[in-house]
Amino acid sequence: MPTIIDITEDKAIEVKNFEFTYAGSDEPNLKNISMPIAKNRVTALIGPSGCGKTTLLRSFNRMHDLYPGNSYAGEILFEGRNILQEKEDMIKLRTQIGMIFQKPTAFPMSIFDNVAYGLRLKGIKNKSELADRVEKALKDAAIWKETSARLKHDANGLSGGQQQRLCIARAIAVEPEVLLFDEPTSALDPISTQGIERLIIELKEKVSILIVTHNMQQAARVSDYTGFMYLGDLIELGRTEDLFVTPCEKLTEEYITGKFG
Amino acid sequence: MTHTEKRILTNKIVMVLSTLSAAIGIAFLLWILSVLVINGIEAINWNIFIYEGAPPGYEQSGLKHALIGQLLLVGIATLIGVPLGIFGGTYLSEYGGLKSRLANVIRDVSDIMMSAPSIVIGSFVYAIFVAPMGNFSGWAGIIALTIIMVPVILRTTDDMLQLVPSTLREAAFALGAPKYKVILQVVIRGAKTGILTGVLLGVARVSGETAPLLFTSFNDNFLNTDLSQPIASLTVTMFNYATSPYEDWQKLGWAAAFILSMFILGLNILGRLILIKRKRK
Amino acid sequence: MNRFLDRFFHLSTLSIALLTLLVTGAIFGVLLDEAKPAMDALGLSFLIDTKWAPNLEKFGALPAIVGSILSTALAMFIAVPLAIGVSIFLSEISPQIFKTPVGVSIELLAAIPSVVYGMWGLFYFVPIIRDLFGGLGIGLLTAGIVLAIMILPFMAAVTRDAMNTTPDILKESAYALGGTKWDVVKDVVIPYAKAGIIGAAILALGRAIGETMAVTFVMGNVHKIPSLITDPATSIPVALANEFTEADGALYFSSLFYLALVLFVISFVIIAFAKYAFLNRGKRAVS
C-alpha cells in the first residue's frame, strides 16, 4: 500500500484510482493511482526513467487522446467534474490546464504572436487587450525586459532559456488554473535552469503547479509536495521536506539515497 | 455562435475537405491504375513477345521489336551511365566534400538537370548527333538517356557515400592504404546498397522517358538491333500506337504501357525493399 | 605506383564530375547556336508574335508560351490544394493503418511514366470533357487537368514529407493551448513546413511546364491563343514533340530550337529558384 499524505489545504485536482493503458499494451502502464494536488502549491513527481511520471502528467490535459488506442480508467476530479469523462470539452480543459514541455516549443511565428496564440484561440481580437495581456504574461514570465523591444521578431531567434520562458508566458497568458511542467529544464544550461526554477516558485501564487523532474535537487528546491513513482505505481506522496529527510517507504529511501535509478 | 464553436466548426469543415481531396486524388490515381491494368492484361498475350510490329489488321503483330529496342537503349545507357554517375558522385563526396565550391556547383547543376525538361535534352542530342550523322539512330537515343540518368546516380552516390562513417575511412588509412583503395575497397563497398538503390531509381527514371527519344532513336516498326539506325522503344511505340486510329494498334499500346509500368514499379519496389532491409540491419 | 594511381583516380573522377557541368553548358551553347538564325531573323519579337505559320515562314512563339503558362497555371491551381489536402490527410487525419499503404501507392504513382497519364487522358478523360463541354474534348482544360493529376503524386509525397518533419512536441504544445486539429495544422505544421511545401510546389511547376508526353495527346497543338478554356492550344514541349521531326527549312528548325532554348531557360530558372530559396539551403532555425 502506498503512503499518500492527506493534505488539509485546498485541492486543485484529486486523482482517484486512476489507471492508464497505452495502445497495444496488455496491462495498465499506470496502476491504481490516487493523489491530491494542492492548490497554489508546487507538486513534484520524481522517479527513475520509465516510471510513468510523464505519462501521469500528460493525463491531466488528456494529451494521450492525440494518439489513438490509449485508455484511461478511474477519476481525475477538477472543478468538481471528472475530466476523464467521455463528453469532456478538451479545448476548454486545455486552456484551464496548461503545459510546458521538455524542450522549448516556440512556434514558427513572432514573439508577440506566440504569446497571443492562446488568447486568439479564445477569440480575443481587440488589439489593445491583446497587447496588454501579452505584456502582462511576458512580465509574469520574467522575460519582458529581453523581448519588449523585439516583439515582432521571430521567436526562434531567442536563446533556449528565453524560449522556455516564452513558452511559460504563452501558457500563463490564457490564465490557466493549473500548469503542468514536463522536465522543463532538461534542455537548458544551469543559469537558465535557475531562472526557470525561481519563476516556478513565483508562479504558484496564481496557479497550481505539477512538475515532473528527473532531478531530485530540483524537486527539493521548488516543490511543496513530492511524489515518488516506480514502475507505474505512485509509491509515496508527502511534504517535500519530509519525503527527502524521512521517507516512509523503503523504495523511496533507496531511490533518494542513490541506490538505484 | 461563440468563437470556440466557430473554430470547432471550421475544424470539421477543413477535416472533411481534406479527407475529400485525399479521396478525389486517390480516386483519380486508382482510376488510372485500373485503366492501365485492365487494358494491359486484356491486351497481353504470347504473340506480343513473338511478333514484330505489323500493319494494322494483322493477326501476327507484337511488340518484340520494341521490347528488344527498349532493352538495348536502356541497357546500354545503364552500362555507360552507371560508372559515370558512380565515379562522378565519388568525386563529389570523397574529394570535394561539402565545403568545396566546385562540388557544390556540380551538385546544384545536377539537381537542376534532374528536373530539366527531357524534350530539351532530346533536341540537344538531335543537334549534336542526329543532324551531323544525317539520320536518327539508337546511339542518339542512348546518349539522351545517359544524359538524363547520370545526374540521378551521381547525386544518390554522393549522398550515400557521405553516410559512410568517417571512422571507417580513417581505419583504412591507418592501415596504410592509399586513398583510391580506401575509396574503392572500403567506402564504396560500405555504401553499396544505397548506390544500388540510386542505380535502380536512375534506370526506372529513364525507362519511362519518351520525349527525348522522339527525335533521337525515333522508331522502327520492325526488329532492328543496329544501333546506327533508328530503333523502336516501348515508349515511342506506345505513343505512336495510341495516337493511331487503329484499334489493334491501340491495344498494343496498352500492352506496352502495362509492361513498362510494371517494370518501372518493380524497380521502385525493389529499391524500397533494399532500403528497408538496410535500415533493419 | 600508388601515388600515380591515386592521382589518376582523383583526376578521372574529377573529370567525370566536370562532365555534368560541361554537358549542361553544352546544352545551353548548342541550343543558343542552333537558335541563332531564328534569333537573328526574328529577334525578340519571336516571343510576342502570335502567328505561327511555317508554310509562310512566320514564327511567333506567343501561343506556345501562353499555352505553356496557362496549362501549367491551371494544373497548379488544381494540384496544389489537392496535394495539400492529401498531405494533411496523410500526416494528420488518416488512421494509422491507411498511412503507409496510401502513402506508398502515391509515391509509386509518381514513378509511372507520364506517357501513361497521357494515354489515360486521351482515351478516358477526353470523352468526358467532350460530353460535358462539347467540342473535341482536346484542349487547354483537358491538358491542365491531366497535368494536375500527373504532378499530384509527386507534390503530395514531398509535401507530406515536409509536414512530417514538424516535431510532435511542437504540435502537442499547440494542442495543449486548446487548439483544434486545423488550428495546429494551419498555425504550426504549415508554417513549419512552409519552405518545403513551397519548394515542392515550385518543383512541380518546373515539371509541369516541361512535361511533354502527358499533354501532347490531349492539347491539340494548335498555335492559337485560346479564347475559351476548352479550346485546343499548344505549349512549347507539345510543339517540339509534334513538329521537330516534320520541320523543313532552316528557319523552321531554328525556330524550334529557339523554343527549346526558351523552355530550358524558363525551367532552369524555376528549378534553381526553388532550390536556392526554399530547399536544402537556408537550414531551419528550429532545432
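In order of appearance the chains are A, B and C, and numbering begins at 1 in each one.
We take it that a residue touches a chain if its C-beta (ideal position, glycine included) is under 8 Å from a C-beta of that chain, and two chains touch if they have at least 3 such contacts.
Please read all numbers here as calculations on a predicted model, not as lab measurements.
Contact tally for A-B versus A-C: the pair with more C-beta pairs in contact is A-C. Chain centres here are C-alpha means, and the one lying farthest from subunit B is A. When chain centres are taken as C-alpha averages, the shortest distance to the whole-protein C-alpha average belongs to C. With centres set at the average Cα position, the gap from subunit B to subunit C is 16 Å. Once the centre of each chain is set as its mean CA position, subunit A and subunit B turn out to be 52 Å apart. Subunit A and subunit C have Cα centroids separated by 48 Å. Chain contacts: subunit C has residues 180, 183 touching two or more partner chains. Within subunit A, contacts with two or more other chains are made by residues 91-92, 121-122. Multi-chain contact residues of subunit B (touching two or more other chains) are listed as 7-8. Residue ranges on subunit B touching subunit A, taken from their complex, read 2-4, 6-8. Interface residues of subunit C, counted against subunit A in their complex, comprise 95-96, 167, 169-180, 183, 187-188, 191-192, 194, 285-287. Within the complex, the subunit B residues that touch subunit C are 7-8, 10-11, 14-15, 17-22, 24-26, 28-29, 31-33, 35-36, 84, 87-92, 94-96, 103, 105-106, 108-113, 115-124, 126-128, 147, 150-151, 154, 178-181, 183-184, 204, 207-211, 214-215, 218, 235, 238-239, 242-243, 250, 253-254, 257, 260-261, 264-265, 268-269, 272.
Subunit A meets subunit C in the complex at residues 61, 63, 66, 68, 90-95, 98-99, 101-103, 105-109, 117-118, 121-122, 154, 156-157, 167, 170-171, 174.
Chain contact summary for the complex, subunit A toward subunit B: residues 91-92, 121-123.
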